[in-house]
């Protein structure tokens, strides 16, 4: 009898406790400034909170000898609205993650294997913060600042990065400058790079203009 | 001559660009709701952004056969104000991170070695989200919800966790209930646990009252 | 004539002043991380901003001799996006609000009638903050920390609680542990509770596994 | 022996769990945009989280037959950084809380005794939201909008208000216009009030200019 | 061949870099507390980021000899979610922007032409901050505080204002009090204005009641 | 007599209304993640809210034929904590603001005189958003994205920019790459620029390494 009352109470208490514990993103709906609308809670399973993609090495057989495997909200909708995301970096010997920024997130990198030379440049005084990291080291790259990672050793390196945003953004300098139709003249005026240099990299990266 | 002008301009431009790129915490000053006051930028070096503590395995020779090694703002002041932090989990065979919450952060766990059985309970409908994770898997634990990690296998497991807050907080259920002077009578009334159970665990965990 | 101009100006000024003064939640639409989409302003009336449910005593004829009546966004959609919500607590003599957390909100309790013994446990050092409150007292319960309220007197007690979030969440410890299908073995490993204790409470609370 | 290990682990775990569960304000230090610096945790007691000032009726023997008793961060430093605060309103028969705004907080009012006629004006279309509230009703007043409360009945009324900010601010229209040295000419130009009206109220409220 | 690999890598990298750089508002969809849903990125052009409306002088042939031209999210959807908006003020000789508040934004005014006498009243101590601004001066008006701008000179004045919110809101005191159906009796009780004054301004501004 | 009571009430009401209307930065104290500690309210005057520096044309007699005059928190401490700041751009004929990012702010540019060719590159698909702006046009540059402004006409151009942060930050690409001691080899590896190009610009900009 008492149990009946107890259970009845539970029903009452639970009727209202539909809290926004999480908001698994419904990627088919239009995004808002705070993220995607939530998938209906009734359809959420544990698999919405688990992602296996970072367990697979990226293909580094390319010109930069490196690969980035993201676990951002578009790959892992469970991160929607949670203020966090991750990615995996694979760097073959000599591999490099070209200089880039994340417009919307701070980053912490963790070296899992090998050694990585990493650096960022602050905006305060153009100061360079440069360090060769060994396995187990973590390093901070503040939001919006140019940074890069290089594997200067002869053996492969692997790292994971964590971001303070489910959509950190990624602007790779070379792509932003040379892999689109931004007119060479404007690039040259706004970067002081030589015309030949600009046209060479536009050629490599498929840019026009 | 032109270069002189150029450099002069640089000086002018840089005189004001003292942006808050980062705010390495001065742990000796009183904290504020947004974090610690910033260490003077002139004294900041790359070592303020690098932390090596997660590279060392924790000592799992203890009753839970597990260890937690944090990289929160108090260990790694470079994280101050950045909305992110990390920790390392070592679980010997049979090791367990007892059920706990992080009052102020979402968490993403990454299995680096071995296999981990992890779960959390939502508040919406008491629903359990449970999964056995293998190396490379990541799993989300939303802010403030009870969760645990267990190494059910015969070999050691290692994981890193990333948080959406430089000070995620950590409230371990057993410690909160049994490792202090909270009167047994109040524990029993508010948890429905038996008196003998409460007193047994108070004994193990050094609680009084 | 001037008045005409004046009124004309008003029309102009008002045409653009469609500010987001409020965003009454449209509960039929999918929620986002920032809350529900807004009901069309043209359909909003004063009744969207008034809620009478807290004026009615909850039914305390149950095993905990207590009742919680919420005014969260799901009951009172006018709160959507406003960073605040409320609830009413009724505690018959001996009544107890079992130990619980709010994953997403700070709480302030106000005693309206009777006397309430309330406490929370901090995560910093497991410290217990315990106080017997009299009518008119208010007490803070910080976000995500375990807390409880007990009516230790022989007369009924009534309180209201205010939250810093329209969806504070509510995770009641006993329900999270014992009122679902979380396997007993995992509970025991992650809480150190005895098997008999776990199974007894699972029985009372309708849990399985 | 095992217990020794257990306790040793506890010490380790607790050494780093110095989370920012709360930040009781140190009112003697300079405030920051996020609030006051925190009082040292070691000095915090349960009394930092309890405030008794709202239990005492305000003195309504004044020209507005009303009184406001605040529990903002300056009265109750435990609220610092928590995104919430409260106040008590006492309205004798005919009492009125003059039209005012809270620049930094949404408000929810709860009628504890008597009846209160309350209203606010939206900015979207100057629309008036007006309601006579009875005991137990709650009503929302969105941030920054002009609102008022009047006791139109013959018996006293009491209410509490909850805010979404520990420092909600309070700008009472009459005081802002007439209780300072804002030149009458500027008031008249910017409000279209008549000179006689402005000077009359400046007289009553002690304004100059 | 290498270029092929390079381009292939680009495709890979770009497949996931669908960051939320911006969120041009889709004004036809229901707003959320964080703003409007985003227009599909594929349909966004540079014209979504450019607005020409502030280049046209407002019509000041009206009773206040002034005009406000907004560039809020409803006029300029590119601002959606970006935490910023603007407006243009035109003040003919003697023109006045009547006393008003912005419930949801701080404001910075820049004088482009002429001279403007501007002021705001703080809530802390009713203190008046008053200044005659010349061309090139900027002045801050904090969120939610009553403020006004007057052109006291014989030549036209022009200014732009920037806000810390894409929807700053605008509550003009006279409109809020006199241009709607708020009963005169309630206005008089909550403002201490005389009945004749209230009815006169209600008449001018088209109010009823 | 009544007036005495009224004034007495005022005193009471004002004793607690010490709201955080604003927080003028005390630049001599250490900053926090939320900004500088506040200057004591008693010492704040209207001049803390007014800044005249944008009224003066910058000196464009330099190699970029352009000048930037900031009104960030370090020049204008009244902006502290308010989520907004400004700057003035002067561009002589042919002048250019080199490609740069603001790590912590969205930007809106307003052309006050002349014509400006402006552009930014999104991270989503490297897409270029390019427009020639005329007087009165405003244009958005989202946070953290590379952008530039060029005066392609034969007459001077002037613009103001507004930011969504009192400390927007400013990272000029050429300075970040070439005006410090970042080793040429690392630049070349992470940008694919030729060695000669890197060394040429390091020479011009005073870089070493």
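A, B, C, D, E and F label the chains in the order they appear, each numbered from 1.
We take it that a contact is a pair of C-beta atoms (placed from the backbone, for glycine too) under 8 Å apart; a residue touches a chain by one contact, two chains touch by 3 or more.
Note that this is a predicted model, so its numbers are computed, not measured.
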{"item": "Chains in simultaneous contact with chain C and chain E", "value": "A, D"}
{"item": "If a chain touches chain A and chain D alike, it appears here", "value": "B, C, E, F"}
{"item": "Same vs different contact residues, chain A with chain F, by half of numbers used", "value": "same"}
{"item": "Reference chain C; chain at largest CA-centroid distance", "value": "F"}
{"item": "Most widely separated chain from chain E, with each centre as the mean of CA atoms", "value": "B"}
{"item": "Reference interface C-E: repeating pair among A-F, B-C or B-D with over half of contacts shared", "value": "B-D"}
{"item": "Inter-chain centre distance, chain C versus chain D - centres from mean C-alpha coordinates, in Å", "value": "21"}
{"item": "Separation of chain D from chain E, taking each centre as the mean of its C-alpha atoms, in whole Å", "value": "26"}
{"item": "Residue list for chain A, restricted to those that touch at least two other chains", "value": "14, 17-19, 21, 29, 32-34, 103-104, 123, 126, 130, 142-145, 169-170, 175, 179, 204"}
{"item": "Interchain contacts (touch definition) - all pairs", "value": "A-B, A-C, A-E, A-F, B-C, B-D, B-F, C-D, C-E, D-E, D-F, E-F"}
{"item": "Chain A to chain C touching residues, read off their complex", "value": "2-3, 5-10, 12-14, 16-21, 23, 26, 29, 32-38, 40, 80-81"}
{"item": "Residues of chain A defined as touching chain E within the complex", "value": "29-34, 61-64, 67-68, 70, 72, 74-75, 103-104, 167-170, 172, 175, 179, 204-206"}
{"item": "Chain F residues within the chain E interface of the complex", "value": "14, 17-19, 21-22, 41, 45-47, 49-52, 54-56, 71, 76, 78-79, 82-86, 106-108, 110, 112, 122-126, 129-131, 133-143, 145, 160, 162-164"}
{"item": "Parts of chain F lying in touch with chain A, wherever the complex brings them together", "value": "96-99, 101-104, 117, 119, 121, 123, 126-128, 130, 142-146, 148, 150, 169-171, 173-177, 179-182, 186-187, 189-194, 197, 200-201, 204"}
